[in-house]
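The letters A, B, C, D and E name the chains in turn, as written, and every chain counts its residues from 1.
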């Protein structure tokens, strides 16, 4: 199989992810869009590494995974916090906003 | 088995970053082991010491880097150029000031951070945490980590390290944004917006890096430049589309962090929602670091581009710069919230910064270096002032920050010194001579004109005029407009300055600072039996006052005698090894 | 066979057929007798709790575990290549990995001390 | 040859692979049928019951009968379920569990009887085979999560969440324990790992890692004593409560295949894979490690581990959830990390030319120093916060189980008053008096005093 | 050359005085941290400190005059040059020629009078008065520096920085209801012009060739001497000239960009207006003379017809509008528009006569208009409602004869009555203009008549006739006020009768200016008339 096909796939995935981020309103889905973008990038990196016959790209993919993981953690934390705050639609919320 | 040569690591070169990161780690351990009572003090000491240590480390590296032109670790994975060191010094200084502001608990006895940011707003748990006097001391290690990212951001030749630094810088900031004590839903919303848009931008940037890697088979900028100049050196080197798209995306990521239009949309919301000390820290330091990285990346890449592409790049920067200045100033002029206004002003400043980039020259990098310092000082100071202007309820309890512009009316009478400092910061942002902002703008515009981009400089000047308008509007409000609650003030203003009545002046003239003084919250509250929600200026418990004072000092010193600093920055303008 | 992953694909194919086929078979073979109560969620005979799905309030602890896991899983991912090339990397690798582990330990300790692993 | 892999697949064609794959699936399905019977029989024997004995010889066909029954049951789809995911979840589970055996070496290269065709007894192998295994296991969790979530019911949801937390917690420990194998073997390919165990099986030098692996593999498969996701007493049946017919069967199947999977992995990584056990391996210059013999050893080891599973189930009680998580995070993971550091250090010392004897001496010295320190270390007084809400500041207040008129269990930090059956002859000792005064009545207290010098404070808070 | 740094001292001393004034009384009153010093002390201390400071400044000025050599008035003297921002080519370079020195003298001389006039200003609020006086002194420092700057960067910095104290003087301490509006208007106009000028300053700097050895521009690139030597591209030169000229035209309110001025004079205190109009706005004309002409000679010649037209319009427009004003301070503001038109007209005659006339007029206008502002301020202070409406007065001469007399003298000087200060300079400007642009000179002549109309009309309505009800029985000038009025009237008369010494300071520089702009004096048509005046 042509390696460039992987690049096309990566680009498509990336575009899908970007579209998701831009168009969807659900926080988690948006978040998944970002992850999709990152993973599409990983695919591209690995493909390029294969094309060039060096391993840098694979190592980079590794780093990207780590960063993506860290991002997941932070993002999830923020989303969960917001979710919990919004679900508990108590009167106090209104006060807090006004204070 | 292939052989592995263990790289030699020059720890001294890494020291500016290492100091901060190590302190961050220590900070986490402090969180784990030091009893809650002593935590804040310990954290503060560790943080400030680390940031001071960074400045020292930068100073220690300076001679060597200035002599050799650069110092690199592991093939430029970490790369110190004079310019990088300059940015690092600026970031460290600004972070130091930012931390001082963060540390201030003010006369109200609370810092700006939620006792437990994870608690659901308005729950009993949160109340319990507040009553227990819990403090979120994790902000200090978080700030240190963010600072570490900022120090690393411009200090690399390796795009992946650039990306990692970006995330290192951003992730703690996302969290910090969500920790405001007041208006927590806004704060969380800010964090979320910042996070989503930030990670989107970094994903774009990352994809750009991947494309650049595809082009050059390397993520080292210098190698990319080499490949650009020698189109046969890699398999895909005949596809410049890759590197152009890639560089474009990388630049987009950087522009996002700088807050340039059209990637600025997060700025107002985030600046408004985040805890104000964090906003100050973020606005100043991130901009400095991102500007440094932009210079590092764009200026270096520009060296490899041929004439045509270079011209395209310059055109792009023109468009972005103009757009940014216009958006920042025009939108800033209609804001009614101080923090939002400052946010738009920061966008405008991003535009002015970009004006200096079009020449890809050392003049430009020097101008940028000076600009971020000048802007940073004014910004940290301005946001520090914002933290002290509060609302109060009928019982005199101090509430959150009074950020609506109308609430700032007559601030100069409540707290003349504070208002004077704020005016100075605004004047500096406006670029009035004898403040740092003027020299900064001057440098930036001369860099642009030097590069032949005089129309850009003229547009910049015009944007400055518009920007001046909304800074002045705020000054007018603070200094010349009577406070909102004059009805209440006038009563005792009469006896305070009784003689003045005979002169037939309007009573609003005479209510001066002596009545609604800057420091004494209790006094103010006691004297005002007026039952209405009003504005009060709380006293700093020291750190913020020190920070404001230092910022004032810096702004004035850089405005009046910028010579030494500029000389140093001239040496520090070298952005390529 | 040059590509070692092709057999995996083969196995996947067979597994997928099996997984699908089983469910399909039972759907075809099995009887169908309609009963409203039978199709209700099981909850010991009482009316089902309304918000089980779509955000039933799960303890935060679970999220915490998820986040901690992500961090540590990544750590482990880094350990693998290092372990495989342990002999080659030798002292440098060991030193690097020890630093890395130490750094990972710090948040671990932090979370431990802050009660992140206490389930009560 | 595939680089980095010991087994030689150069003869395999696609058809060979298909045959092997089918064989693997058949093997797994029959093994599961056998395993269910095996489990029931063994447990029954342990509980002095006969177990299934009706269908077929020794009741061997009991499982088959059960499977047929499940196939013929009504396929219920709960109204509140998210249909698509609900349908997909069991398939994911079973699909993933079937994949692991792709890289498990049943044996070395063998010549197919009556031909001269040589092929390894392994579907495939690649340099990151173990990663592949972990990946399959991780994706398998999705089956559980989605199954529980999509059911639209409370118990399954709780079960699935618990299960996820549990699996990922123990996966960490498992992953860490695997690292030591990679350090020793220098490879992640299963065949290479087996090859590297030609001399010594890794469970000996890597005993701590092996123990960790054993524990976490039980946790990973949701088996007793860690079967919290489907704890009958708490969650009815956990994530599969709402499933019936074949969908239920798939979950069930997946669980048993998972047992087989981890057993096979343990066998491959720690127990020498298909290698003959020690005394046997000496016979005929290792003739038992060639030909079709290894298949026997491999299966024997796998079923030995399966027996261990059943044995544990028959022996141990289910843990409380908090105990379970605390054990995973606070014991297994730190221990695994520590072990890794120790191992890496010694390996490096070995590389650096330090002999094994020197290392052992050094270990002994270090151990001695540690013991000495521990012995000389002043005993720590217990901090007050150990005392629960029911206790006073000095920690002496005792828990009153009947405070509100009916008995309640002690909360954490509270302690029960001494049982009347302990027949303590004296009231709590006055400060300063020798604890030995409790006399030699054989109570717990005296045992404690006999083994270590208990201070009065300790006595009081006990 | 080690000499006493007169100009630096002149610039620095007011800052010291300002600080002292601002700190007077701090620490007294309620000891509350962060509060503004309590305000429970009498205003006297601050006033005295400020006045003494201003008088010491006058002493320094005398020293500077003594050190100045009139024989070489056309060159910069009392020079000091220090590196300031070498990286940007800016240096701290000060020095004055005759014109600069006269304007410095004007600033330094007016400030004590303003302080004296402000004795009871600010509604008796001691804190406000203290701040007002301190701000005035800060402004003085900037004014000295701006007239003394020999470095374009320094000039620009001070030029812009002056706006801030000026802004606060108008907006913070003004007395009109619209002072906020006026202050912002003033600031926006000035800043707008200033920032446009900044663009030109930057461009100018970049015209300085890069030193090949160091790759940077020389550290003294901004010195006017360096910049005058540049050869510029004509288009660039015209653009830069335009930018500079715009800034200066705004400052010296020229027709078209003058609209901020009446609002400011109406709303600021008379003292502020004095400083602003009489001194600060001279920076505009001074800048045209000392920067526009030498830096952009070709562009200046190119633009001269246009400028002259605008100047003539200014002259007439200011005068006509002044006649229609009912607010006395606003009126004086409009007269200034007219006078500044004369000054600009004189400068752009490019004749030594016209330019020296303009230079002299800068001084004269400062004194006469300052006198008008301050005396009008005294009148207003007497009105119980502090009305500025001319119609609210009447017959003031009857109750306050000294005030009436001095006001008349000042007014007559403003209308250029022979024997009073403005006359000589106005004649010189006319003659110079006639030599170069005869039509313009002729068109501007009616302004003399108009000036007589607005001055005399105002005097008539305010001071003669029946005594207004509200001002009946107000006291005449007090001792303090008499000092102010006396000094001013003396100066007016002295400058009118004995203009020679002052002209010694402006003649040389004017010749130099004509040379730098590359023009030659036309045939002296009526040159003899000038001589007869001395």
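Operating definition for what follows: a contact is a pair of C-beta atoms (placed from the backbone, for glycine too) under 8 Å apart; a residue touches a chain by one contact, two chains touch by 3 or more.
Per UniProt, the chains are A = NADH-quinone oxidoreductase subunit K; B = NADH-quinone oxidoreductase subunit N; C = NADH-quinone oxidoreductase subunit A; D = NADH-quinone oxidoreductase subunit H; E = NAD(P)H-quinone oxidoreductase chain 4 1.
Just so it is clear, the structure is predicted and the values come from calculations on it, not from any experiment.
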| item | value |
| --- | --- |
| Path length in steps (a step moves to a chain that is touched) from chain C to chain E | 2 |
| B-E against B-C, pair bridged by the larger set of C-beta contacts | B-E |
| Central chain (by mean CA position) | B |
| Most distant chain from chain E, judged by the mean position of its C-alpha atoms | D |
| Inter-centroid spacing, chain D versus chain A (mean Cα positions, whole Å) | 33 |
| Intercentroid distance (Cα basis), chain D paired with chain B, Å | 51 |
| Euclidean distance of C-alpha centroids - chain A vs chain B, Å | 26 |
| Length of the line joining the C-alpha centres of chain C and chain D, rounded to whole Å | 15 |
| Shared-contact residues (touching 2 or more other chains) in chain A | 70, 77, 84 |
| Chain pairs in mutual contact under the definition given at the outset | A-B, A-C, B-C, B-E, C-D |
| Of chain A, residues touching chain B in the complex | 7, 10, 14, 17-18, 21, 27, 30-31, 34, 37-38, 40-41, 44-45, 47-48, 51-52, 54, 56-57, 60, 63-64, 67, 70-71, 74-75, 77-79, 81-82, 84-86, 88, 90-93, 95-97, 99 |
| In the complex with chain A, residue positions of chain B that touch it | 117-118, 120-123, 160, 163-164, 167, 171, 174-175, 178, 182-186, 188-189, 191-192, 195-196, 199-200, 202-204, 206-207, 209-211, 213-214, 217-219, 234-236, 391, 399-400 |
| Complex contacts: residues of chain C adjacent to chain B | 60, 85, 87-93, 103, 106-107, 109-110, 112-114 |
| Of chain B, residues touching chain E in the complex | 366, 415-418, 427, 430-434, 438-439, 441-443, 445-446, 449-450, 454, 457-458, 461-462, 464-465, 468-469, 472-473, 476, 479-481, 497, 499-500, 502-505, 509-510, 512-514, 517-520, 523, 539, 561-563, 566-567, 569-570 |
| Contact footprint of chain C on chain A as seen in their complex | 62, 65-66, 69-70, 72-73, 76-77, 80, 83-84, 87 |
